[in-house]
Every structure is written in structure tokens, then in C-alpha cells.
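The following pair of complexes shares a single chain, subunit A, combined with subunit B in the former and subunit C in the latter.
This part shows the complex of A and B:
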């Protein structure tokens, strides 16, 4: 299990190269940063190596690390799950005999003889594991979700079954949980002012769909701006990021089409692919060999059973993977896509605004041509401090979506103040407001990211992902530590996000930090993770010094 | 290999049986000597038969295996040729330039009672702004004060610091308003029922759905991967026939029936047909056949019933008898988003299983605040009786006198459909004709819209129609004007 999960995260065994004679050990220490040493198993005989040696495709080193789970930790983590499960059964037994009080809502008596709405084992995990630490999620916020936020204090009389509000407010909690990459979650300043004006002019609702009577001038303005920002011919905006994926992929592919999806793709992409009734195949996370093998096999063998050729093949990837902090290997994917004539759907939910010298996402980060990506998708929730999503691409694509997107025909259009917030913040990023505020934010985000990643590294913690990704997962491994860590940090007035199974592999529970341009150096310095609960798994100083050179 | 296993299976059985029987015969204490003795005692033909079988196994083990299909391995060069040869279809088919939904009408400014379409000010008979709350000053002020406190976006899903006190307040207010135990809000109306259905109904479960169900229900059904059984629109006999069939099926296989959940999914007021579901009968069927009811009330929430609680209040049905009610807040409430409400036992499950709830950024607080204020206004002055009469009035005016057009739907529905009495035979021509009526009215300052559908995606494609939306803000004169305008258009264009 340890081994397999590592293989999944590392890009194939080949990446485990050590430099400077540092010995790779099986347990515990970094196999290596993957510096694109992927051999080509399937070397095409006649071509002139479209992506030759991969490094040629990258303009700067692509440094991503996924340290292997230490064996001891893996064993302990499994033991932890074992103990929790045994206790879970014990407590279920006690509850069944009414020795322990049951807090969970129950079916009304009139419907007791119906088929049960839930299967009992489905809820075992929730009842006995999740509930115990659920005070770490859904913490109610009562201020701007900026670099610092106010939380409403909750207390629980019955171990998280129910919550009561104490009436107190936890002031100025450092916010390392919100996806506020560029710090546009603000209640003052140009964005908020513009949104206020838009509210006064338009109201908050629209009451119709884009196709019918809900196509406001502000939507048209937004779409032209987004197209200009992305460097594509045309774009279309939708009211919800999740729905942008789940309602547009079905418009693009159908029966007889193949979707190649990264194994760590977001639920919305998975749902969209499923709703499209295309065939779905999954490749290993960010693993180009796995993708290429699937592409070759698909084209050579055609559809299963009928062996007809596929109508089209759509590769679906994300820019930054929100649970791993990894960045997609876009140059290689574009090379593959061109060679195999597939189409590429790039979901930039986390990367738009947060990556690249101009904040234009992964394409900008790698210095590529946005026209090479067929479908540029992204959300406005994160970097722009608004809500909704967009799709950008060629004019034909957008025209087609305007007539065939489920969202354009059936869903209410975007709220005008939200659209205005995006317009203003996007103009600031582009520098069209005549200031350098946008550029400052981009630079600040990059500095904060580098600084904070390095700081965590210096503390000896295992962190995942690309060195430029503002999403920083820190490994905790044990499920109980999610709760302990979250609570301990909250005591220090720091709000973090803990993630565990099923969002991550079972033994890879983690805490996640999202760095923002609005964080100051002082704020980040307050994060000091003590070793009182044994989470510092990287202990080899030599290794640390080694990696530090990467950051210098 | 399968053949070998298949052939040797009875042999193994017979051997096992032989050994077992000899063991049984020898008593409880199992001793080798006794086993040998058992062999001696066994009849000769038995031993011969087993000997032959053993030999047969040995023969099978050593015989050459053969494959049924010989696979042809492709060489790398051949593969390259295939890859070279393959040409995918274009990502999207090219559209004709005059596709009806390619060019949208552009609305300048607020799409409220007075609406500016393509530069022309019209009276709005197209937006679902039933209660006229879209440009209500109180709602705007509440939204603004929230905007000044929280900013616009929430920058996170509900789980990760995306739950705001405003959301919690809105949820409890909605639950109160509907008089249910709990409510849950989604950030997008379309995603509400589309996420709620697959949260409960899984592969193998059965859903009975009205044929006229709206598109978001259809997507929810598809995402659930359950068995879908369509019954004829509002036809309770047809539904009962399906339920009976299922009942018989269940009696044949009670073990499966014990774990197969069954649901009926209907709309309160159907958006596609503007008629109402026969809820009391559905509730009877629910208890008779033990099926749960999910009710989508986007069109009826805030409109039907004395307090605007929708179809349940309209029929006087106990709201606890409905397992789940979902509605969007984009019509009567005039903001964005949707909600589900019902008993805690049902609703709470969505907080971990509703995909559109867990994995999506939460509703911007200002939109939630606007919804709270809208609820305040609805509670202070239900006024639904008079609105109900408004709708009746419009329907009455419309249904009499329009040559060539037919009014569809319940007279009290706030969004009615005008269909052609005589179809020209082609859908495209019908749409064009209706569009010309709309353009005629637009030129005379009356804004109407075609009801748009994705023609290839709809399970049962509704007939083309003009949608007429009634709101509380329309005055008697305006309604008269609109009706005479449609009449005029119809008499000019439908000759």
C-alpha cells in the first residue's frame, strides 16, 4: 500500500533518482524531485521525438516532490484505523442496546416499514470517525474571508453530535484555508465599490437564463474581458464553477467518445464525464507514460467490442491539483495531444490568477500558447474572490456552447454584482486600472508561496507538491491527527484545513495551507508547528540542506 | 483453461463426495487406517470410476492448451500507421449562422419590471421575477450591507471556511418558512435537485418520474445511475400500474426488494407544462406502495398556498409526508441559489453526500442576505391571494381571444405557455413563427420569450411555446396591453 501510493504520486519509478550520492532509502526519505527523467517506453520509431527529452519543453526546472510515506508511520496509521474501527463497532453495539445515547436523527414512525433510506455500513465511517473530528470543518465565519477572519465559537455538549454557539467570536484568526490566492476577498477597495454600484444598478438576481431573457450587458462585458485575459478568441461565463464542468463536458462529448481523465480530477469533472455518457479511462496522476499508453491503446484498438475508431478523445486535466499541490505537466500533455490528435480540457480552478508571471494560469506559467489548449476552463471563486466559472476557446467552440450548454439554456445567469467583482479584479490583475496593484499581488503571492514552503520545510515537515503552487499540503498521515492538529492550530488562532479519506488515499491524511497575496510575512511567521505531536517526519538534516538549494 | 476447469469441476465433486462419504461412514474419529478401510469397503465400480476420473484429470493437466481466438499482435510500425491514419471528429460541429439561440437578446440594466432589450424599453413578461423582488429596495439594501461586511465571494466550499453566519441564518429561516425541520442551501438553482437525487438514489434503486420533469431532474436521474421508470404526465393510473408491476417483481424477489429504495420524483408546478401535480393522490400512492416522494418546487415556491409554501400548502398536504422538497431561489426569491428542505433525517445526509453542496464554493453571502430579506418580505405580506388572482386574470384574458394560439397550463400558474393551435409540421418552422410573434410584441414594448430547450438532450421534448410570466408588478393596463399585442401579432402573423 505504501509502495503503491508512492508510485502513484511519483511519476513512475524512473523518477527516483538521487543526486550527490544521497542514498535513497525505502523508508522515509525523499526518493527525489522528479526532474523529468521519464524514459520513453513507447518511443515512436519514425518521429523526430515531438517532445524529445522532456526537459527541452520546460523553460525552468519543474520541481515537484512527493516524499514516500515512512514505513513506521504507515504501520501506525493502519493501526490507528484498526483501533478506530474496533471502537466504532463497540459503540455501535452499545448504541444498539441503548446503553449509549443515540444522537442521530431517525426515520419517522410512519415510514419505519419503508426500505431504509441509508444502508447502515455506508454511515459507519461518518458516525464513528468523521463525527469525532468534525469540529474542524464547517467552522462558521462572520467576517471577510481575507488573510484574517473572525470565527463564531462553537461548543459541543456531546462530542460533536450537535453544536451550540457560545456567542463569542474568535477574532483575527489567520486564514490559511480559503482559496483567496490574490487577496481579492475584500469588503473595501475598488472591487467592492464596483460591486456596490452594480448591485444598485442591477439588483442581485436575474430571473432568467442566458438563452431567454437573462443575457445582461454586464455578462457580455465580462466574457469579452475573460477572452482577452486568457488570450483566446471567445469565452463564456457560468454561474457556478462546479456546474461549468458538470454541465459543459456533456455538451462536448457523447457516445463513442473517449475521455482520458487524471485520477485525481475534481468531482465536478468526474460528474461531467459521467453525464456525457462517453467512455472514461483514468490515467495515473500527472503520469505521462500512463497517459500516452492509454492514448496509443485507444487509437490502435478503437472502441471496446465494436472496434470502431473513437469519434474523439478528450484529455481532462487540472492546472493545480488542490489536494496534492501539484502542477500539471502541460508542455508534455500538449505535445502528446498534438501527436495523437486528442483534445485537451484544462480546468484551471486553482491555477488561474495564482500561477504565471501575469497570473494567467498554467499556460502562462509554462510560457505556452493558449491556443494549444482546446478548452480553457476555470473558476472565479478563488483568485477573483467571486463565484462562477468560465470556458474559453475558439469562437466555434463558444458559439456551440452558447446554443448547447446545459447551463446556458436551463440555468439562471450569473448575479450582476458577482460579474462586476470579476470584471474589476481581472482588470486589476491585467493592469488595466492603470496601477501596478495587480502585479504587486502576483509578486507577493509568489514570494509568500516560496517563503512559506521553505519555512515548513525548514521545520522538518513533509510537504507535497510543486514549489510554485500556493496550495501546500502537509502530511499528517494519521486520521486522528487531523483533529488534533486542526484544534491545536485554532488555539493558536490559525485556521487550517484538514483533509482525510475519502478525499485522499487512506493513509495520507493531510493538512492543507493556502497561501494568499494578502498574507504578510509577519502573519506567516506566526505559524509555528511544534513537535509536541510528532509530525516532523523529515529528520535528516542533510536532506533538508540538500533541498534548500532548490529554493535558493 | 475455462474448459478444463469446467470439465474437471464434476470430477472434483465426485472425488470429494467419495472421500467425504468414506469419512462419514467411518465415524467421528478420523483415522488414516479407517479411511483405507473405507476404500476397501467401497464397491469396485466406484473405485474404477474414480480411477478413470483421476487419469482424466492428469490427461487434462498435461494436454496442450489452445486458444479460441488467436490474437494478432500489431507491430510498432503498424500501430504508428493507425495513429497516423486516425482522424477525430471536430471538437464541436459547425453551427449554421442563423441558429436560433446563437445571438442572445441583450438586456441593458436591471431585468426587472421594466426591461431594456436590445435598446428598447419593454414591460417584462419573460423573467421569473414573480414577486417583483428583483429590484426591491429593501432586498438591495440588505445585500449591500452584507457586501460591505463580507465582500463578494466566499473563497471556499462550505466545509473549508465557506460557511458564513448568513448561510446558517438563511437555512434556519427557510426551514422555518417551510415549517420543516431542516433546510440546506446550494449555490446554484440548477445544481440543487440534480445533486439531491443522486445523494439518495444509487445504482440499483428505482425512480418513478413524470415524463414532463424538468431538465435538472433529468440530470439528477442520470447522475444517480438508478433504474428510471417514466409515467405519463400527471397520469396517476399509469404511475399506479408501474408501482403495481414493481410490487409483483418485489414479491418474486423479496431479498432484493428489501434493499431497493424507491422514489417518485415530480415537480409541483411543472415548468414545461405549467400544470400542477396531483399531490394528494401521490401521497396516497406513497403509503400504499412505500415509495418516497421528492418534490421540485422552483415554480411554486413563494407563489402557491396562502403563505407561499408551495404545492403542499395549496393542497393542504402535511409537509412531513413529502420526503424532500427542493426549489431554487432564482424565481420568486429573485437571488441566486437553491435549497432543499425536509426532515433532518433526510436533509442532513446531503451535507456529506450532495455533490453540488460539498464540492462547490458556497453561495456569496450577499446573495444569501438578499434571500433572507426576500423571505422577510414574503412573511410580512404574503399577498399570495392577490397574486393568485392576478395570474387567473391573465390566464383568463389570454385563453379566450387569441386566434391560432392555445394556452397551456393551470390558470393560476405564474408562467404559462402559449402554443400554436395548428403546428406547421416542422419544429423549426413553428419556432420561427413563434419568434416572429415575440419580435412583433418586442417592437410594441412587450417582452416575451420562447421557452428554450436542448432539443437533442430532452427525454420528452415539449411542444414549442411562448412563455408568459406573470408578476405582481404588472398592472391591469399593462396586462391588457400585452394581451392585445399578442392578439394583434397572432392575427397578423398566423393567417
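This part shows the complex of A and C:
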């Protein structure tokens, strides 16, 4: 897409700017005061690019694609679910009348006259669809989950109701499921040595919370390092990433506040928002017009019955959404936030360490000022090879959270070897240990991402998400394909994660690849998805155009 | 994808059928039930079409030729 075609509105006018930045229509009247103007005519769906007024906010092209489900595939997927539902009813009938042995959880005879416990769709789906293919999940890993791992082989005598170990171990299975973006999940090297020294100095358990006796000097060092890494005034580290979100949002907002959260936010953000008892409104995924409309409505109408102004408005978004592979439109959100005076909570669980020229996350990727984001949250699980979460922001905010957050007051503080692992890996990424290891890993991750995405796209598979995100969901759509794909890949010694309902919409099942800096090109070349999947749904014309430009 | 012989190609087609209809995840006895039902329905459709389609096509052609068959001669005589 060239810049000129994006700057023109689709009815042929080009964007003309008035002196104060508002857009005019043909006869000179200002259309409306919306910051992000919606195009008037029908756009070709699913090619999401920033339009007209906000093109200037993005320094490099923002290419995301969420190709639509082909109609035939959607029909066949529904048909497949229909057939499996009929067989599910048949099996439930047989179990009810004791014709076949029952393995499932069921109510006791005394409870039969009460409200049924297992009759809803979730339980039906669980016992008739999920259990049939559940040998693709919860596979026991018996080595370091690095670029390659060892799995314990399991067999099942009764179609996945129970499992037994065969005694064999599958060695060197290529690991495309672990969130190991920079390859720090290893048991040798400077991080592991430093963690061993920390264990010998401090032990493993802390035995107290941060507020009582659990505040070690290694925690202080970690927090100062994290604040320096992110470019904020101060930060605080917690022992668990989920608890960071769910326990800190209630400390920040309460009754009388408004939370605007993205459609596809993670369960920890949703739980934290619900626990805070604020009003929650949801905007469409990464859709800035929807967010702006909600902001305008909230400010104009105020709280629901009394119409008083909201105490605060908090916009909650994630850096990279792990099920879609999409990156948040941060420049536009920051422009909106400043215009409407709201606060921004950015959850960089997957993007810290993985995006940006210096690995400093999505703020670095877009080249923005970290001080514009009020609360920067992230986890250490994904790129740093440890566990835990952090929150960074202004000093007053972090001091407030140290006293008022449930996680700080009640949860045990981070274990010292884990904290040391984070300190060492963060220093490597920043380049402060004196080697170029960090820069090499960042570059390798970027190369692997581009190469793998290109490779899968050239095969004609539908890939969701942004071009730069290391999370690559590949669409499978049909329920039987999730199970079959997982098993076939394991036979070829590749371990992947298949995702279906309820984590995704019911017809959009996918397999999710997570590339790592520790993968080499030979490892990625072994992933050869043959034509037997018939998953190559990309529209023929686009596929042909791509191959022609590639071979030119 | 190159298939060495017809057998391999048929096995691939059967695998695609299992994946698309979702039968792949079912136990063997459920697969047999579904396959036999589907096979008997298809057999009945083929038999019915074999018995009735030629008769219906012939009747339809007769109907249409009778409706338009008388026309051309009468309009020609009117015009000349």
C-alpha cells in the first residue's frame, strides 16, 4: 500500500487539513471533532492499516492481516461440529442408561433432584469433544523447555480417559509452543550460573511477604534495574504474572471508575477488572473508532444513573495479543488518551523483550516515550526465562501500590534464584554485561520471525497477526484437524500447541507457533506442513501474486 | 504431493473425508455407524435416481415440446 493511496479518502478527496488539525469536507464545514475519522465508503475488509489522519503517527508500516474465513470452510466446520454433537448426544444417552461404562464426573444419586451440574454446553463440549483429543495437551516435559525438549510418551487404553506411561522418552522434540522468545530457558550459561550463586547465598524460599520480612536486597536491585530498562521512574516486581494483573487493578480503580478493555484481553485483566467493581465497557479488538466512541459517550453521559463525571477512565490493552498475534495500535491510543485525559494500562506480557530494536517492548517498537504510558505492566515468564510480573510507572504510583496492592501485602515475594535470573538476563539484553549476546538474540528473533512467517505464508496457509510479532497463529478451523495436526507433528518430532474453543471463537481453531531466538534456520526448515492438511485456504489470486513477486 | 499408486490416493481421500466431517476423533464403532448410514443414504439416492430420473426427464421434455411444439407452424401461417 503506497502512502498516497492511504492518504486519499476512498471517495477520491485527499485529506486536507485545517489550521488546527481538524479535517474539512468539500464545502468547508468541519465534519466533526473526532480524532480518528472513520472512512465513509466500504473498505475491503480485513486488511487493517491506519488511515488518513493517523498515518503520521506511525514511523514504519503497520501491516496486520486477519484473513476472512472462506465460506465453504465455515460451512464444513459447522457441519463437522453438528455431526460430533449428534454423536455426543448418542454417547450421553448410552452413559445415562448405563449401557456403557461412565468415566466422567457426575452427580451422586442424592443430588439428582437438585439443579443439574453438568448439563451446560461447556461440560457437554468437554466430555464429548475435548476429551477425545486431549492427548495433545498436558504432555509431560522432562527436560529444559528450550528450542528442543524431551517428552514422556503416553498411551491410553480407553480413548484418553486415562493415560499410562509407556516408559519411552521422546528426545529432541522441536519446541514451537514455549514462550521462549529470547531463548533464556536454558540450564547452562551465565544466567544459570548466577542463579546458582544466588541460591547458595539466599536459599530458595523467602518465607514472608514483601511488606513483612520478605524484602531482600536482590528485590531492590531487580526493581531499580527494571525501572532503568523500561525508562520509568520506579517499578515493583511480583511473584506471579497473573496475580500482578488481578491484584493490582483493584488497587488502582474502584467504584465510580470506568475501565475500557479490549475485547480479547487476557483472563487476568478481566478478573482484575471485575474484582475492582468498576464499570467495564468493552471495545472491539484493536479498533480505535470503537474506543473513541466509548470514550466520548462516557465523558458526555457520565456514570450510569447519576450522570456524575467518572472518577477515572482506565484504558486496558495488551502489547501483543497471544491468540491473534496482533500488536496494539499504541500511537493512536496515546493520542486518544491525551485528548480525552484518560489513563492507560499496558500489559506487555508477550511483547517485553520480544519487540523493539532494543527489546524494550511495544513502546520501543513504536519509538514512543515511556512516560506517556501511565502503568506499564509485564511478565518475566516469556522473554526472561523466569517467573513473575512487574508494574512500572511514576514513583507516587508505585509507592501507593507497595502499600495497597493485595499481591504486595499477602503474597510471598519472588524467590531469589528467579530474581537473579531476571537480573542477569535483563543485563544481557541491555548489553551491560559487556558482550553482544543480547543484541544477537534480538536480531535472531527478528530474523526467525520474518523467515517463519514468510515460509508459512508462501505455503498458502492463513496466518493471523502482525508481520513483526513472534506469535504466529495458523488457522485450522475444523475440530478434527486440531487433534490430527498435533498428533502428526508429534510423529515428526515437532511439538505445537493447538487451540480451540473456548479460548477462540468456535469455528476459528488454530495452531499457535511461538518462534524463539534459540531456533536455528535448520530447525525451522524441518517444519514442513504437507498438503494433506488442505489448510491452504489463502485466496488463489493473492497466493499467485505473492509467488510472482517472490520469484521476480 | 505425488501419489505412487491409486491405493495411496484413495487412502489420502479417505483421510480428508475423516478430517472434514470430524469423524477422525470418534471411536471405531462410531465411525462404522456413521459410514454405514452415509453409505446407505448415498446408495438409496443413486438407486432412486437410476429408477426415476430417466422417466421424469422424458415426461418433462414431452411437456415442453407439446407446449411449444404447436406454436411455430401457427405463427408462421399468420405472418405470411
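Operating definition for what follows: the second predicted complex is superposed on the first by the 469 of 552 C-alpha atoms of A that agree within 3 Å, B and C clash if a C-alpha of one lies under 4 Å from a C-alpha of the other, contacts with A are read in each partner's own complex, and residues count from 1 in each chain.
Convention: contacts are C-beta pairs under 8 Å (C-beta built on N, C-alpha and C of every residue); 3 or more make two chains touch, one makes a residue touch a chain.
Quantities reported herein were computed from a predicted structural model and do not represent experimental measurements.
Regarding the shared-chain residue A:385, is it in contact with subunit B (first), subunit C (second), both, or neither?
first
Go through the superposed model and pick first if A:243 touches only subunit B, second if only subunit C, both, or neither.
After superposing on A, A:243 lies in contact with subunit B but is clear of subunit C.
Please indicate which partner A:229 is in contact with in the superposed arrangement: first for subunit B, second for subunit C, both, or neither.
Once the two structures are laid over each other on A, A:229 reaches no partner at all.
Is the number of subunit A residues in contact higher for subunit B or for subunit C?
Between subunit B and subunit C, B touches the greater number of residues in subunit A.
Between subunit B (first) and subunit C (second), which, if any, makes contact with A:180: first, second, both or neither?
Only subunit B is touched by A:180; subunit C is not.
Output check: A:62 vs subunit B and subunit C. Expected answer is one of first, second, both, neither. What do you get?
neither
For A:477 in the superposed arrangement: first (subunit B), second (subunit C), both or neither?
neither
Of the two partner chains, subunit B (first) and subunit C (second), which one does A:81 touch, if any: first, second, both, or neither?
It touches subunit C, and subunit B stays clear.
Which stretch or stretches of subunit C touch subunit A in the complex?
1, 12, 15-16, 18-27, 30, 34
Inside the complex, what are the residues of subunit B that reach subunit A?
74, 76-77, 79-80, 82-83, 86-95, 99, 101-102, 104-112, 115, 117, 124, 126-129, 133-136, 139-140, 143-144, 147-156, 158-165, 167-168, 181, 187-191, 200, 214-216, 219, 222-223, 257-262, 287, 290, 292, 320, 328, 330-331, 333-336, 343-346, 348-349, 351-352, 355-356, 358-361, 363-364, 366-367, 370, 447, 449-454, 457, 467
For a test of understanding, state which residues of subunit A touch subunit C in their complex under the given definition.
Against subunit C, the touching part of subunit A is residues 76, 79-81, 83-84, 87, 90, 129, 132-133, 159, 478-481, 483-484, 530-532, 534.
What residues of subunit A sit close enough to touch subunit B in their complex?
So the residues of subunit A touching subunit B come out as 44-46, 105-108, 110-111, 113-119, 126, 130, 137-146, 149, 152, 175, 177-180, 184-187, 191-192, 195-196, 199-217, 220, 239-243, 246-247, 250, 252, 266-268, 271, 274-275, 296, 299-300, 309-313, 339-343, 374-375, 379-382, 384-387, 396-397, 399-404, 406-412, 414-415, 417-418, 421, 495, 497.
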